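The following pair of complexes shares a single chain, chain A, combined with chain B in the former and chain C in the latter.
What follows is the complex of A and B.
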């Protein structure tokens, strides 16, 4: 059979509407997974043993089981305990929970690079523990963690494709529909492959731009409200 | 009336089903790891040698497969290839082939990074001793680079175990597929998905213990190497 892209290109609008859902889901999951990740990372090095163990268990559990199994558990399992599920929100939830486990490890290793002396200096300047966290520890930790986090975000975007298995009409979901409609799977999936590449290159570019804007010029010493500490 | 036709209880045959699913998962994983890491090794050498055209092709291959979802790659191979090429792989062949290619792309990055990390002085010194490119590679560069590249590649292999769950979507009867079969028959997602997840969890733990052991052995060899050098 000959390679013919015209049936696919004729349905490009439909494919791109799937892309917009992929982008939306990705953005939501990136923000959520980042927030949960910072929370879990903080818990992972908490002074309370129980909190530490719970956070470590969370990370271990989500990193060592397949995403597909987690997704099926949430999507088919939650209705069993009376929580109705809907593909897109369940998908965002599952993605965020998984990605948060990876993000937590990245943020934690960032926090561990912050020298003890810097934290003590912050305390002796009269900052509260929370202020030290917000103005001293996190900016330094995030600077170290930002590039690995960027890789994790790219990975997250790619993982959104798995949501098509619970009937989310994202880029991959719509590609499946076009494939069965036109019977041109090779052409469809090749185009989709290129679109995903374009999306992930964009994500990488944004990650690098943010690094250059906010982190590269950040002083080696932490800056508190415009004044060098 | 409807319940009559449903076989909602678990039987001993289900254990057999799980066992066979486990075997498929391990087969797909081990075959694709051996093929993928082997192919990645060869392609990594090509990429590092800067062969005109060939090295650029490897880079394009690596970036495409690292920046697109494995699920789309699976669909491209399983549904797409038979329509445009004489090859029509079955589910298992398509699965092993695709996971191998995906793994190869990531292995190339690990190997090239390890090769680039070696100081240029070693090449110059080897050249001064009259060693050819091949000899330098074989006796000087590769023994060190492989030691650097192995830990990230083993981590990759351990995490690819989770990824193999995606092959269930193209019909390989692996653990996840068995989970789907049991779920659709018994409709007990709250029991089945954690059980399947637990098996993956145990497998991943065994594999990471093995990886740590290999790493430790290499480290002792490495220290011997450094002491001798």
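What follows is the complex of A and C.
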């Protein structure tokens, strides 16, 4: 067998149009899953028992079922009860809902690291519970949660490839099409792997830049490179 | 003015305050002394509404801590400085000071910042307003903590062992700041183990033990004419 990239390069535009959809879906799902995640994490520590139970139920439901089945359930199942579905929006929704469950747990673990005394200080000067949460607890929690959240974002980008199973023409979807047209799976998927790598590296770089910009200075003990045991 | 009458506080079966009645007059400096676990910190935390009392009443300027609607008013009038600073780690020194005045007192941001800079200057930290707490020493953090409390323009300042978490060589600068506040009209209530400092600045001294108020008198009487041998022993021990 001869390795030949030319059939793939000839269809690069088509592949890149898939990439742009992947990027769009990823961005939308990252933003949505982050927002829902913070909301669910907040509900998880609510003073109202019912709210806490609902949030915990949501997290358990999504974290203990396979993504592919959730996706099929939403995409193929909902139309049966009269809710029409469309591949891209259903894909974004499914990704956001499932990633939000993970993000909620990450944010909650961040919230649990917020020193009690700092929260007390806020209360003692008369900040309302909401103000303490908004101006004190959440920013501190997000610093701790930010890097794990970055991992979750990378994971989310990679998981978008599964949306090709419900006919989304993302990077993977278009790669599948090219592969069956050209009979060059080795070349096609190698190129696609490199592209995914480039995308996730970019996501990590953005995550690190945001950390450096907003969170680095408040670190209690900055870890110095090369000082780990 | 703060009036405590028959205050009880317990956590489950653990009694931390037991029938405490006392009175803090406006502008007066009161030092609260006593061994660890005596209930000193709990007492001022109850005044600040950080802890709910189990019995009796605390009235701050005519408002009872038992009245939920009065809590915000009481907290505006009683500012707390904490043993472990409890600065907001994600905010700069300046932002630490201005957060509550902007959000709680709804003051103009520029005015509050000007006031905060003045306070930082007063405690010798004029150049460090944009530092985060992690970039400050313990003594510096505590001085920021004092500024944060003062920025609320409180009528009463509650100081909870403010030097006990600081290196000894750093305590002097914090005590100097507190000493300057004494006699400015702000009521100071300080829980402290710094006996010499208390002797120097306090008008009144309260002594607590086992959740009870054992003595409450003029500083002069307390230190120089102490009739309780137990207290004299404690004071002597703390001097060293």
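As a working rule, the second predicted complex is superposed on the first by the 217 of 229 C-alpha atoms of A that agree within 3 Å, B and C clash if a C-alpha of one lies under 4 Å from a C-alpha of the other, contacts with A are read in each partner's own complex, and residues count from 1 in each chain.
The working rule: a residue touches a chain if its C-beta (ideal position, glycine included) is under 8 Å from a C-beta of that chain, and two chains touch if they have at least 3 such contacts.
Small disclaimer: the values here were computed from a predicted structure and weren't measured.
J.: If we overlay the two complexes on their shared chain A, which of chain B and chain C does A:193 touch? Say first, second, both or neither.
T.: Only chain B is touched by A:193; chain C is not.
J.: A:154 in the overlay: touching chain B, chain C, both, or neither? Say first, second, both or neither.
T.: first
J.: Regarding the shared-chain residue A:135, is it in contact with chain B (first), chain C (second), both, or neither?
T.: In the superposition, A:135 contacts chain C only.
J.: In the superposed arrangement, does A:124 touch chain B (first), chain C (second), both or neither?
T.: So A:124 only meets chain C here.
J.: Report for A:115: first if it touches chain B alone, second if chain C alone, otherwise both or neither.
T.: A:115 contacts chain C only, not chain B.
J.: Tell me which of chain B and chain C touches more residues of chain A.
T.: B
J.: Which holds for A:143: it touches chain B only (first), chain C only (second), both, or neither?
T.: Only chain C; A:143 stays clear of chain B.
J.: Taking the complex as given, what residues does chain A use to touch chain B?
T.: Its residues touching chain B are 1-3, 61, 64-70, 72-73, 76-77, 80-81, 154, 158-162, 164-165, 172, 175-176, 179, 183-190, 192-193, 196-197, 200-201.
J.: In the complex, go through chain B and note every residue touching chain A.
T.: 63-64, 67-73, 75-76, 79-81, 83-84, 162-166, 168-169, 176, 179-180, 183, 189-190, 193-194, 196-197, 200-201, 204-205
J.: Which part of chain A faces chain C closely enough to touch in the complex?
T.: Spelled out, the residues of chain A in touch with chain C are 115, 117-118, 120-127, 131, 135-136, 139-140, 143, 215, 217-222.
J.: Any idea which chain C residues touch chain A in the complex?
T.: Interface residues on chain C, with respect to chain A: 48-50, 72, 75-76, 79-80, 82, 84, 86-91, 99-100, 103-104, 132-135, 148-149, 152.
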